[in-house]
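Worksheet for the structure shown next.
First chain written, first letter: the chains are A, B, C, D and E, and each begins at residue 1.
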Amino acid sequence: MLLARVAGTLVATRKEPTMDGLKFLVLRQLDVDDTETGGYVVAADAVGAGVGEVVLYATGSSARQTELTHNRPCDAVVMAIVDTWEVGGEEKYRK
Amino acid sequence: MLLARVAGTLVATRKEPTMDGLKFLVLRQLDVDDTETGGYVVAADAVGAGVGEVVLYATGSSARQTELTHNRPCDAVVMAIVDTWEVGGEEKYRK
Amino acid sequence: MLLARVAGTLVATRKEPTMDGLKFLVLRQLDVDDTETGGYVVAADAVGAGVGEVVLYATGSSARQTELTHNRPCDAVVMAIVDTWEVGGEEKYRK
Amino acid sequence: MLLARVAGTLVATRKEPTMDGLKFLVLRQLDVDDTETGGYVVAADAVGAGVGEVVLYATGSSARQTELTHNRPCDAVVMAIVDTWEVGGEEKYRK
Amino acid sequence: MLLARVAGTLVATRKEPTMDGLKFLVLRQLDVDDTETGGYVVAADAVGAGVGEVVLYATGSSARQTELTHNRPCDAVVMAIVDTWEVGGEEKYRK
């Protein structure tokens, strides 16, 4: 999984019918120092994350292992909202 | 999923028989500011997207989770046409 | 899927028994302007492509969705020979 | 699989219910000379690895082939703690 | 699949039980001119490859399509030992 900050939302009316009801989040990727890397991904939201929150997302077939995304053409999912992490004994982020 | 603009189409007569009837789109990848990144992908079209439209595409096994691409050797599919997205409270694109 | 030109062939006598009979092609990756990018991949041939031809290849689990590659340790397959593509209304390649 | 050093841990209270009980590790990727590459990944821990240990991790659907991660939205797992490796006849790391 | 030279071996005593008995090889990736690219991967050995040999390896779920790696948390496998390949009519490598 990778770290990201929820930067915004995306709306798509015309889509695969199985994607109806899914919320799309625009994620900006973070490194372990809580700095944006410049990369992004659009992910389905499985945990009710809000704009500004720091999350973990999973990609590939693992992104379909939630009730919301099962058997859908979805390759990225927010599967956790991060409370805190530490690296080298130093806290890098706290919600 | 990633953002892309439909840049063109591709024709391949000699192909895996299971790919018959699929339309191939040439996609130019976009970043969250609606700028082309230089990357591309050739994707199957599951939503009837036209040249010039901004779309979401899924890759890997998730690209086979549409009726059109099920069990086919297809690793990228356009699964939504984008209406709008916003980042940091600012609208970055509207159809 | 990505574009590539068939650059050559590869022979491997000692291999997973399930790979017997598969033809290995060395592919040089192309961008949408039909220019080599410097990248390559070794792919199984599912369509009888010849050296010099421009092809589409699929990777990952999608590379196993052909009769030849089903259930085999193969992560790249040539699944179409390209006739032509166009980008921005301009024909970029014709066989 | 790739080499990494366990750099720290991550806590996420609000997450996919199936992820309950999994321990998240922050991994810094290593090259074959035991030097950090600058990359990272957050992985589930399947072997009881501690901070500072050098591990192997697997990604993608292979990350779900452990008892702990089966059918969960997890795309990276620590599946071994490394004792030693050598390259070109030279020992590069020993625990 | 990609080309690599077997550079060394890796030992991990504490690991997922299903990985018992698998041999881990440290692979240095090669380009089509038989030059090392600087990249590496740790792969399971399905063909009895020795240090110094040039091999093909498969990644992702395809790495689990051998008898040795089936259903195991393994995302890279050596599935062939290369005899020779040619590019542009020129032999680039012969064992």
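The rule is short, and it goes like this: contacts are C-beta pairs under 8 Å (C-beta built on N, C-alpha and C of every residue); 3 or more make two chains touch, one makes a residue touch a chain.
Note that the structure is a prediction, hence the values are computed from the model and not measured.
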### Query
Between chain C and chain E, which partner chains are common?
none
### Length of the line joining the C-alpha centres of chain D and chain E, rounded to whole Å
20
#### Entry: Geometric centre distance via CA averages, chain D-chain B, whole Å
32
### Query
On chain A, where are the residues touching two or more other chains?
60-61, 63-64
#### Entry: Neighbour-by-neighbour ring order, given that chain A leads and chain D comes next
A, D, E, C, B
#### Entry: Interfacial residue positions of chain C with respect to chain E in the complex
7-16, 18-19, 24, 26, 28, 40-43, 51, 60-61, 63-64, 71-76
### Task
Over in the complex, which chain A residues touch chain D? Could you list them?
1-3, 31-32, 46-48, 56, 58-66, 69, 77, 79-89, 92
